[in-house]
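Two complexes follow with subunit A in common, the first pairing it with subunit B and the second with subunit C.
Let's turn to the complex of A and B:
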C-alpha cells in the first residue's frame, strides 16, 4: 500500500527519479552533472563503462516532465536535439520507452545505463540521488 | 542505367542492414522547392539524403551519408557519398575517426551537413557555393568533445588535399585542419580553425568548381564562428573565413568571406530571420574564381514538428560577374 502510494505520489507531483545499472553511474551526483550526462556530453563513466541513456518517450507524462525539467525543452525540441546530435556523429540517441517497466528492465540489464522515471525504483536497479535527494 | 542499378543496390543494402537489427539506424532527409525569379516560377527537387549509423562494438561506431542530387534532365540524378566515418572512442570523450568527413572547418559544415531540415535558411551560405572552403576531407582525425567546464571541443585532421579522390591522394601533399571550440555560456558556442593545403597545378576545386591554378598554390584558411541557438526568443550565427592563396610567382592573394544570420522566434512554431553574405577577393586572385558578391535574404520558418519544416524566403544577390537578382523561394524539408 505504501509503495503504491509512493509510486502514485511521484507521478502526480511531476517528480522524477534517477535509476542506473549497478555498473557505471555513481550513487550520487548533482543536477548539473545529471544534465550534462543526459545531454550526451559524456561518453564514458569514470570506470570506463559506456554511458547509455534511457528515457520515457516524449509523448508520455514522465517523458514530457523529463523534457521540461531536465532539458528545458518541449518534447519536439528534445527529439530534434537528439536527431541532430546523431546526424552530426557526436552521440548515440537514448533508448526511448513506452512504459516504466520496460525502461527499468533495460536499465537493469544494460551496463552503463541511466534512466529517468517518475515512480519509485523497483527490481535490481540502483537509485541515484541528485543533490542528496531521491526525487527532484 | 548504371545509376539506377546503384540506387536499387543501395536501397536493398539498407533494407538488409535494417533487418539485421544490430542497433543500426537508417534515417533520411529530403526537400522540395519552388521559386520565382525573372518572371518564371519553377518547382524542383532538392537533395535526398540517407544516413546510417551503427554501433559496431562498445567503442566502435559507423556513420555513412549518401546524397542523391537531381539533374537538369528528366530522371537523371547523381549519387554522392558524403560521409563514411569509422569512429573509435579510445578514452573518455576522445575519439579517433577515419574515413571521409565533412571537413571540421566551420560551424555550418560540421553541424548541418546535408540535413536541410536542420538548416536555419533554405540554402547554405554563399561561401559554400563559391567553393571557398573544402567541404570534404578523406583522412584521419582525433576529436574531443565537451571537455572541462567550458565544454571545449577539438578536431585535428590530416587528409588527402584538394583535388584528391576518395581512393587516392592526387599528390604528395596532405591537408591539415585544426579546429577548437568552447561554450562560454549555455547555448553559446565560439569556434576557430586553421586549414592548410598545397594545391597542385591544374587541380579543379572541390565539387568540380571552376577554380584552378596553373601554379602550385599554398592555401591557408582561417575561420571563426559565433553561435547562439536553443534560446526561447533569439538565435544568432556568424562565420568568417579569411583565405590566403599563395604561390612563388604572384605572392599571396587574400579572400574574405563571411555571413551573419539572426532569427526571432514567435507564436511558438515560427521564426523570422535574415542573413547577409559577403565575399571579396583580392585583385589577381590566383586560384578561386573571382566573383565579388553581396547577398541579403529575409525569411520565415515554420517548424511544424521536428521532422517537417516549411521556409519562405526573399533574396537579393549582386555579384561582379552577374546581374543583380531577386528571388522568392519556398521549401518543404522533411526528415524520416
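Let's turn to the complex of A and C:
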C-alpha cells in the first residue's frame, strides 16, 4: 500500500528513479554522470559492460518527463537526437517501452542496462541513487 | 522473241571462279564459328553481364536505401530504433559505401515567389565529415539511390551513394575472363580444325590423288579407308570401284585381243578377197582381150601369110630374072626391089611372130601337167636364155649365180609353159643388166665398177616352191610397177619387145597353176621376180 502510494506520488510529482541491471551500472552516480550516460556519451560501464539504455516512450508521462528533465528536449527532439546518433553510428539507440513493467523486466534481464522510470522499483530491481537520492 | 541472257556482274563471276578446297572450307567454317563465339564472348556477353550487374547493383543499393528509410520511419513513429540501427550497422560495414545521408525536406514560403517551395538539407550523414549535395545524381563513379520517408516528426529521404569501383573491377574481370575463354575457344577451334582437316580433308585429298592415279592408268592405286564414317565408306567404295575397273579392264583387254584376232583374220580375208577380185577382174579382162586378140590375130594372119609368101616368091622371081641383059638403071631398080622385098620379108616375119605370140597369149594354157624337176627346168632355160642373147649380142657378158634347193621334189606343172615363164623373166633380167652395163660403159651410170649378175634361186617354203630370178639392173620405177603385168606394156624400145611376156607369164603362173607371181624391186639397185608354185 505504501509502495503504491509512493509510485503515485512520484508520477504526480514528476519525479524519476533510475534502475539498473545488477551488472554494469554502479549503485550511485551524480546527475551529470547520469546525463552523460543517457545521452550516449559513454558506451561502457567501468567494468567494461556495454551500456544499454531503457526509456519509456515519449508519449508516456514518464517518457515525456525523462525527455524534459534529462535531455532537455521534447519527445520529437529526443527521437531526432537518437536518430542522429544512430545514423552516424555514434551510439546504440535506447530501447523504448510502453509500460514500466516491460522496461523493468528488460533492465533486469539485460546486463549493463539502465532505465528511467517514474515509480519506485518493484521487486529485486537494483535502484541507482542519483546524488544520493533515489528519486530526482 | 528475243531472249535476254543474264550475265552476272564481274565480281560475282570472279567469286564463282574462286575455288575453295575442303580444307579451306573447314577452316573458314571454324573461323566463322570462333569469330561468332569471340564476338559474343568479348562484346555481347560482357555487355549483357555488365548491364545485369549494374542493374542488380542498383537494385541492391535501392534496397539498402529503402531498408534504411523504413528503419528511420519506424524509429520516428514507433521509437523503435532497432531497424535503423541494424540497417545502418549493415550499410556502414559495406566497403562500397561512399556515403549515406538523411535529407530533411522542409516546405518553406518564399517571399519572392509567394509560393511554397521544398528545401532539402542534409540532416545527418555518414561518414560524418562528408556532406553530400542533396541534388546529386548518379554518374560513372558513383551510384546514388534515394528512398523517401514521411513521418509527423520529419519528412525527407535517405540518400545512399555507392562507388562503382567494384562494378569497374567486375567488368574488368568479366572482360579478362571473356578474353581468356575466347582464347581457349580459338585454341579449341584450331584443334577442331586440325582434327577435322585430318578426318575429312586428308582422306579427301588422298582420295583425289588416288583418283588421279587411276585416271593416269594406275588401277592398283587405293586409299587407306580406316575410318568408320562416310569418308571411310567413300574410300572403301573407291577401292571397290578400282578393283571393278581393273577387272573390267582385264575383260576389255581379253575382248580386245579377241577382236584384234578377228580383225586380223578379217583383214587377211579382205586381202584375199581383194586379190581374188583383182584376179577375177584381170581374168575377165584377159579373157576378153584374149578373144579380141585371137580374132585380130586370125584375121591378120592370112593376109600376112600372103604378104610373106608373095614377098618370098617375088624375091625368087627377081633372082631368076638375074642381072643379064639389064640396063644399069634396071639393075639398080632390081637391087632396090630386092632390098624392099627383104625388108617386107623381115618385118612380115616379125609381124608373124607377134601374131603367133598373140595367139599363144589368147590360147592361155593348153599343155598337160607333168611332174617336173624345177631345178632342171631352171637350169635348162637359164642356158637357153643366155645363149639366146649371146646369139644376138656377142659381147654380152653376165655372171649367173644359182642357189638351187636340192630337196625340192618334182612338181606337177605344165613344163613348157613354166619354161616360157622362166625364159621370159631371164630375158628381161639379161636385158636389164645389159642396159645398165651399157650405161656404165658409156659413163651415164653412177654405179662404180658395175658387174652384171643374175641370180636364180629355188626354195621350198611351206609346201610351196619358189623360183626367184634376181638381177642387179636398174630396177622398176614405182610409178609403173602396177602396170608391168598388163598386156602390151613395155619399157623396151619399139621392135625390141611386144609387151606380152610378163602378161603371159602372169597368166601361166596364176591362172594356169594356181600360183603367184610377185615382184620386188628397188630403183637403180635390183629387180626380183618370184614364181610361187604349189608343191
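Quick note on the criterion: the second predicted complex is superposed on the first by the 136 of 136 C-alpha atoms of A that agree within 3 Å, B and C clash if a C-alpha of one lies under 4 Å from a C-alpha of the other, contacts with A are read in each partner's own complex, and residues count from 1 in each chain.
Here is the rule we use: contacts are C-beta pairs under 8 Å (C-beta built on N, C-alpha and C of every residue); 3 or more make two chains touch, one makes a residue touch a chain.
Predicted model, so just to flag it, every value in this text is computed and none were measured.
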TODO: Look at A:96 in the shared chain and tell me whether it touches subunit B only, subunit C only, both, or neither; answer first, second, both or neither.
DONE: second
- [ ] Answer with first, second, both or neither: which of subunit B and subunit C does A:57 touch in the superposed model?
- [x] second
Open item on the list: With both complexes overlaid on chain A, does A:43 touch subunit B (first), subunit C (second), both or neither?
Closed with: first
- [ ] Could you say whether A:68 touches subunit B, subunit C, both of them, or neither, answering first, second, both or neither?
- [x] neither
Open item on the list: Contact-wise, after the overlay, does A:84 reach subunit B, subunit C, both or neither (first, second, both, neither)?
Closed with: both
- [ ] Touching subunit B in one complex and subunit C in the other: list those residues of subunit A.
- [x] 76, 79-80, 83-84, 86-89, 92-93
Task: Contact footprint of subunit A on subunit B as seen in their complex - done: 25, 27, 51, 53, 55, 58-59, 61, 63, 83, 85, 87, 89, 91-93, 95, 97, 110-111, 113, 115, 118, 145-146, 151, 303, 305-306, 335
Task: Complex interface listing, subunit A residues touching subunit C - done: 57-58, 76, 79-80, 82-84, 86-89, 92-94, 96
Open item on the list: Give the list of subunit A residues in touch with subunit B in this complex.
Closed with: 36, 41-44, 50, 76-77, 79-80, 83-84, 86-90, 92-93
Task: Parts of subunit C lying in touch with subunit A, wherever the complex brings them together - done: 72, 75-76, 79-82, 84-85, 88-89, 92, 100, 102, 123-126, 128, 153-154
